[in-house]
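Same chain, two partners: chain A is paired with chain B first, then with chain C.
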Partner chain A sequence: MAHIPDGVLSNPVLMAGAVVSVAGVAFGLRGLDPVRVPKVAVLSAVLFVASLVHFPAGLASVHLLLNGLAGIVLGPAVFPAMLVALVLQAVLFGFGGLVALGVNTMDMAVPALLAGGLFRLLWRDGSSRARASLLGAMAGGGAVLLTALMVALTLALSGREFIAAARLVALTHLPVMVIEAAFTAAAIALLSRVKPEMLARPA
Partner chain B sequence: MSRTGILDAARPLAESSVVGRLDPRTRVLLAVLFALTVVMADNLASLTLALMAAVILAVLARLSPRQTLRRLLALEGFMLVVLALLPFTVPGRILAEPLGFAASAEGLAQAAAIALRANAVAVAVMALVGSMEVVSLGCALGRLGAPERLIHLFLFTIRYIEVLEREYDRLRLAMRARAFRPGCGPHCWRSVGYLFGMLMVRSLERAERIDAAMRCRGFTGHFPSLDDAGSERPGMLDWGFGAASCAALLLVAA
Partner chain C sequence: MKILLPLALLLLATPAQAHKLKLFATVEGPVILGTAYFSGGDKAVGVGGVVRMADGSMAGEVRTDQDGAFRFEVRSRTDHSVTMDGGDGHMATVTIGAAELPQTLPAGPAALPTPPPLPAVAGLDAVEAAVARQIRPLRQQLDAYEDKVRLHDIMGGVGTIFGIFGIAAWVSARRRSPS
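And now, the complex of A and B:
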């Protein structure tokens, strides 16, 4: 949902987003050993496919952001992975602008990085399954919440007249947050039982 | 939750169209220039001109009108939330007062400008960049100076999206065979969570096999590109189209 189209945001906000994203992508790429590229690519392809699945929610349907899960399994590589995913979405589906790419990458990847870092701080190999799903729910839901707040903030900073819209955008993310928390909790619980090394060390 | 191939969107429909014959690099550069110009432009007349230019590009690229409109409709979802409120939040000359909320002319004009900009860029990007193979987009970005590792990540991701989509369809079929229907509730969310957890485990094991196979072939982070079609110098068509487009963009900016 962090698909802000072109033409909405003000130039200082666009510049700030671009600077943060370039720095984040450079940081992510520097730590990305070339032989790990296939692993990161496979995982980000899974996340890309998953983000296209629509869940029924009342009258409408929502799709997941999955940045919490991405942060956990990808680590710092989440910045370049998100950039790739957003470029593909902009080009293939027209979701999200070209000039707004920096802001959109920042809004998705910064919460992902934080959620992944916090998860790894609190999770140990051998933690119980309940603890893993609780942490997964917090990472998944928290990352969506933070993304919603950042989208709202980037809108609000672009002009006073967008403040009302920013609140509305943040509110529409609340159901996504609930679904995403349940989804991430299940996915993490599964990974902690089947392949705990995936959680211990990001790809 | 059923879809047809994700990347089918990027199959070049008509290789013989004018846009299809341009060098991928020309198309990427033009799309970026177009987006920058449109974002900077402010008055409604030049934005309308930009939208018309984008539609002409779409016609030149022979985009399918139905598919393009469907994509734009998805974009309008976000726009509606942001734009519907603008006439009421921008102060200015009052036009109408539906239900006691004052709608201003300035707000309406700003909403129109944003809608024009967003649609113009989306149509132009789909026409110029969306109509080419995503793989050639990756190669073009690489030649334009994007970091090599980022391009590797891009190309590998594209490759595996298709593989994993098929794997996803298989797992979904297995769920459907067990009478799973997506609904609104924790059961569905958890089941789909398990589905993608499993997909990640399987795909990581696949990645380990890929990694082993690539090491066997001496992969050390360099990726010799066999299909180096774009390495030749841009032709007459690229210079001509580029010059004409720059002139048009200047017109928009003026």
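And now, the complex of A and C:
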């Protein structure tokens, strides 16, 4: 649900989001080896499509974020990948406002980066599949939780009641967390078996 | 085997649009009737909103019922904008132009230049209300149709992503190649 439309957030929050996202994109592009660009493109396309798959969750319906998975595979390059995916969602489908792009990118990519960092810290090449699954589940679920909290926080800083917003956002995201943890665990377990170099620390 | 569970979950989920609050409103006589729903068609129940007039002053508040529907009685003939706020970062606005409201209402504050009143015809309001009621489902359908995510949009988006990163790779490869 990191699709905050225009007109909801206050100007200081929008500015802060833009600054963080520009810095993140610059950081991500600087360390990007041209050889890895196709990987970024694939993950960006995955992020773009992930939001179109819907799950009914109580009164509302929610979609996958997959930012944990992207953070693990891409590292800092998740920022440009996320920005491109969100720009196209905003332009083609009207999901999220164009002015709020900075905040939306920040809310999605910062948790992705942290989840990816945590994964890399605990992951060793040749770790067992169970360990890969567990770490993947933690990163996938954790990234969603952190995104929900950041969305609630950006709403609170824009003058909305934090507790109410956080409860709404976190409650609707609980099923997403579970699904996403399962999905990321399966994806990481598969990657660790067939393509462990995808998970290796980017040089 | 581990991949089967998430795959099954993915298959169970109906592919629809991402989560976005949508608002649809029409006029029947002096009443604004509307529904709020999340893209994909789920009703937005118990969502509060405010109605503002053209000059920005509050006209009143609305709240959606069990069916995601709301109604608001208009007191003056001016542009009304309804803004619904889900509280979790979802917000949508719809504007009802003064021209859609019945001419029998008094002109409101800062009303836009309204067309000269038509000669009073008996039952004109009733006809207008009937027509509005008749075309309401059509307008709703049109609204939903416009909002539908289509495969060619998705394919276009994916293609654009690969194009952007392809150009990036090309530029950086050119920069490196002379060495």
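Note that the second predicted complex is superposed on the first by the 182 of 203 C-alpha atoms of A that agree within 3 Å, B and C clash if a C-alpha of one lies under 4 Å from a C-alpha of the other, contacts with A are read in each partner's own complex, and residues count from 1 in each chain.
Heads up, the rule we're going with is that contacts are C-beta pairs under 8 Å (C-beta built on N, C-alpha and C of every residue); 3 or more make two chains touch, one makes a residue touch a chain.
As the structure is a computational prediction, the values presented were derived from the model and not from experiment.
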Looking at the overlay on chain A, is there a clash between chain B and chain C, or do the two fit? clash
Using the touch definition from the top, say if A:A90 reaches chain B (first), chain C (second), both or neither. first
Of the partners chain B and chain C, which touch A:H63 in the superposed model: first, second, both, neither? second
Could you say whether A:V37 touches chain B, chain C, both of them, or neither, answering first, second, both or neither? both
Taking the superposition as given, does A:A115 touch the first partner, chain B, the second, chain C, both, or neither? neither
Partner chain(s) touched by A:V8 [first = chain B, second = chain C, both, neither]: both
Tell me which partner A:V20 touches in the superposition: chain B (first), chain C (second), both or neither. neither
Which partner chains sit in contact with A:I188 here, chain B, chain C, both or neither? Use first/second/both/neither. first
According to the stated criteria, A:S51 is in contact with first (chain B), second (chain C), both, or neither; which is it? second
In the superposed model, which partner reaches more residues of chain A, chain B or chain C? B
A:A132 in the overlay: touching chain B, chain C, both, or neither? Say first, second, both or neither. neither
Where along chain B is the clash with chain C: 25-33, 169-177, 187-195 or 241-249? 187-195
After overlaying the two complexes on chain A, where does the chain B footprint on chain A coincide with the chain C footprint? 1, 3-5, 7-8, 34, 37-38, 40-41, 44-45, 48-49, 52-56, 84-85, 88, 92-95, 155, 160-161, 164-165, 168-169, 172, 179, 182-183, 185-187, 189-190
Complex interface listing, chain A residues touching chain C: 1, 3-5, 7-8, 34, 37-38, 40-41, 44-45, 48-49, 51-56, 59-63, 84-85, 88-89, 92-95, 133, 151-152, 154-155, 160-161, 164-165, 168-169, 172, 179, 182-183, 185-187, 189-190
Residues on chain C engaged by chain A in the complex (per definition of touch): 2-3, 5-6, 9-10, 13-21, 38, 40, 42-45, 85-93, 149, 153-154, 156-158, 160-162, 164-166, 168-169, 172-173, 176
Interfacial residue positions of chain A with respect to chain B in the complex: 1, 3-8, 11, 14, 25-26, 29, 32, 34-35, 37-46, 48-50, 52-58, 69, 73, 80-81, 83-85, 87-88, 90-95, 97-99, 155, 160-165, 168-169, 172, 179, 182-191, 194-195, 198, 203
Interfacial residue positions of chain B with respect to chain A in the complex: 1, 3, 6-7, 9-10, 31-32, 35-36, 38-39, 71-72, 74-75, 78-79, 81-83, 85-86, 88-90, 107, 110, 113-118, 121-123, 125-126, 129-130, 134, 137, 147, 149-150, 152-154, 156-161, 163-165, 168, 182-184, 186, 188-194, 196-201, 203-204, 206-208, 210-211, 214-215, 219-222
